[in-house]
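Next come the structures, one after another.
Shared chain: chain A. Partners: chain B in the first complex, chain C in the second.
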Partner chain A sequence: MSETTFAEEQSSTEVSSSKTVTLRIAKFNPDHDSGQQFVDFKVPYERWTTVLDAVLDVKKHLDHSVAVRYSCRQASCGSCGMKINGRPRLACFTKISELNSDVVTVEPMNNYPIIRDLVVKLDQMFENHKKVQPFLLREDSEITGPTKEFNQTPEQLEEYIQFANCIKCGLCNSACPTMATDSSFLGPQALGQAYRYVADNRDKGKNSRLKIIDDSHGIWRCHFAGSCSQVCPKGVDPAMGIQFLRGYLLGFRK
Partner chain B sequence: MKRNDNREGIKGMANPGRYGIERFAYWLMRITGLGLLAYLIGHVYETSNIINGKSAWENMLSITQTTEGHVFLTLVIGMCVFHTANGIRVMLGHGGYGVGKPARPDYPYTPASQNSMHKLCIYASIGIAALAMMYGLSVLFGE
Partner chain C sequence: MRESTIMKIHYATALGAVVLVAVHVLFRITMGSFSGSLEYEQVLANYKFVPYAVMLELILVLLSVHGFNGLRVILLELKQGRSYEKAVTYGCIAGMTCLVAFGSRTILMASMGMT
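This part shows the complex of A and B:
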């Protein structure tokens, strides 16, 4: 089997596709390049072709050097976050046909250091996530004796299940206007997760978490622009959680 | 170029069109806040001139009695009214009021915190500010 045939078989887009789009990919290697450069590629697409499919098509057939991070291709792993036509989105969850544009520009997410091309370093987001103690805090556990279950009603589950959908893709931090200027801000991802555990009736660490986020670079830097919630691909709505947390700190919520 | 944070900086804040009316309101809130702060400083300077005597005070007042001065004061009225009206919306939101209720999200995941009441309040704040500016113009330029 020739190399060309193998590549055609692996193509995610049908060869017979009549529609093409210009995929403009931002290329930048911080170790070698002086600045970001955009390279255009003509890519065939169908109604169902995602931006990730198109980027991988380019990578397979036109430019093997394009760096992109991806894994599940179904909006579950949170790996393929990037700026698509100026807005942070998951590449696997964004169809080219939905963008209604002849040119699709893909860039790395803002507010994260660029590793290469479309890949960014998410370390700070994970560090901030860990800071808010993203686990149940209480003395006993479900596995220590006497063995028992922590009961929870469907209503109690509804209080936080929305926030448990977070896949840590980082789109919210990329869209946040405070993150754009404040490198020490916890960010909507971490604050949203702080609320996820504060709202969980099994958790007893509310005061501990409120103390962590009650900081000059913590919750008070949020100005309720709501962009985090608008770009969330899982419907988490971090802006809502942040306002509820602030309600606790201001004494409006118990 | 060394590896940097790739932060959007002020440029990102100054591009409010990508995220809808809420981001535009955030941007307007910042701009009007800074504008009002500048006005407050100027106002304190202006009124402090009264200690230099009547003629100095009247000279200072005459600055705002020009066409440019009237336009400037009209802008101050607009900034003040928008900042107040939108500020009430934002303060209530900060307390957790009117931001919806947590619920299992359904596709296409419309965020409850960005509900139609907030949008209506933003449009109303802009509308009231525009009306106040029109009233200000009619008073300042009317004979």
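This part shows the complex of A and C:
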């Protein structure tokens, strides 16, 4: 029975014919070039071809010099963030067929210095991430006796769990309009992570973390455009976290 | 001053200004015609009525504090740098103080009949 079902499923799977798409890749080497230039490549694609597959196809067969950062190919590592048809996305998580366009434009993410072509420098994001103390702050630990493990109820876990899904891809910072002008702004990634630990009932460093984000380039510079939450490939809602953090600072939340 | 304190003042002044400006507009509409309220004698009469002059002074302070802090925030987002940020902060405080001083002088002089 199961074999029949499998056979039926196989036959019902539509095998799409190989189509082609124009992949416009932004090329820029800060050491040599004065400005960004777009180079067009015709690449074949199937229904399941991702933008990363297409970029790697170009790199393998048409232009070896295309610089792209990638690793896991399954939206877990957060390496392949880039602007695809004007919107920050993960290249490994974006299928060409879903874009409904004959031309796919890939550019480096906004709000980051470009290293080369599609690769950007994420140092500032990681610096800001470290600034908000992204770890549990408390005197004791799970491994020092007589404490065992820090139990949490499902409700306590629900308070922060979506923020723990952040893969540090930097798409949210790229989409943030404040980050476009304020280079000192902590950014939605760091602020979302600040909320992740502030909302964790095992953490005792709320005051210290709130002090860090309560800065002239901290949480108050967010204008709640919400684009960070729109582009997050893991469903994290940094804009909501930022509003909750403001609640703590304004005294609405304890 | 902590940024959260500044922002609390920012929100409070916005709310206060909305309420007082609403009262001011209601006064203009209910105490005669709106265009008539801009006549010279009518304006002077407003300043000479002390509770109303106090309310105008409050509106001046609330809007100055809110407006100059808003300007400071915009300028801080526009450009960064230690000396620039200090200049913006102190510049906005100075601008706000000058505006409040000049407006208060006008209200005081008019309410005391020094026209």
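Things to note:
Everything that follows uses one rule, which is that the second predicted complex is superposed on the first by the 236 of 254 C-alpha atoms of A that agree within 3 Å, B and C clash if a C-alpha of one lies under 4 Å from a C-alpha of the other, contacts with A are read in each partner's own complex, and residues count from 1 in each chain.
Quick note on the criterion: a residue touches a chain if its C-beta (ideal position, glycine included) is under 8 Å from a C-beta of that chain, and two chains touch if they have at least 3 such contacts.
All values reported here derive from a predicted model rather than from experimental measurement.
Of the two partner chains placed by the overlay, only chain C lies in contact with A:184; chain B stays clear of it. Touch criterion met: A:247 reaches chain B, while chain C stays clear of it. In the superposed model, more residues of chain A are touched by B than by the other of chain B and chain C. In the superposed model, A:217 makes contact with chain C only, not with chain B.
Overlap of the chain B and chain C contact sets on chain A: residues 181, 183, 250. Against chain A, in their complex, chain B makes its touches with residues 1-10, 12-13, 18-20, 22-23, 25-26, 29-30, 90, 93-97, 99-100, 102-107, 109, 111-114, 118.
Every residue of chain C that touches chain A in the complex is listed here, in rising order: 2-4, 7-8, 73, 76-78, 80, 85.
For chain A in complex with chain C, the touching residues are 178, 181-185, 214-218, 220-221, 249-250.
Put simply, chain A touches chain B in their complex at residues 28, 30-31, 33-35, 86-87, 108-114, 120, 158-163, 165, 175, 177, 179-181, 183, 199, 223-227, 229-237, 239-241, 243-244, 246-247, 250, 252-253.
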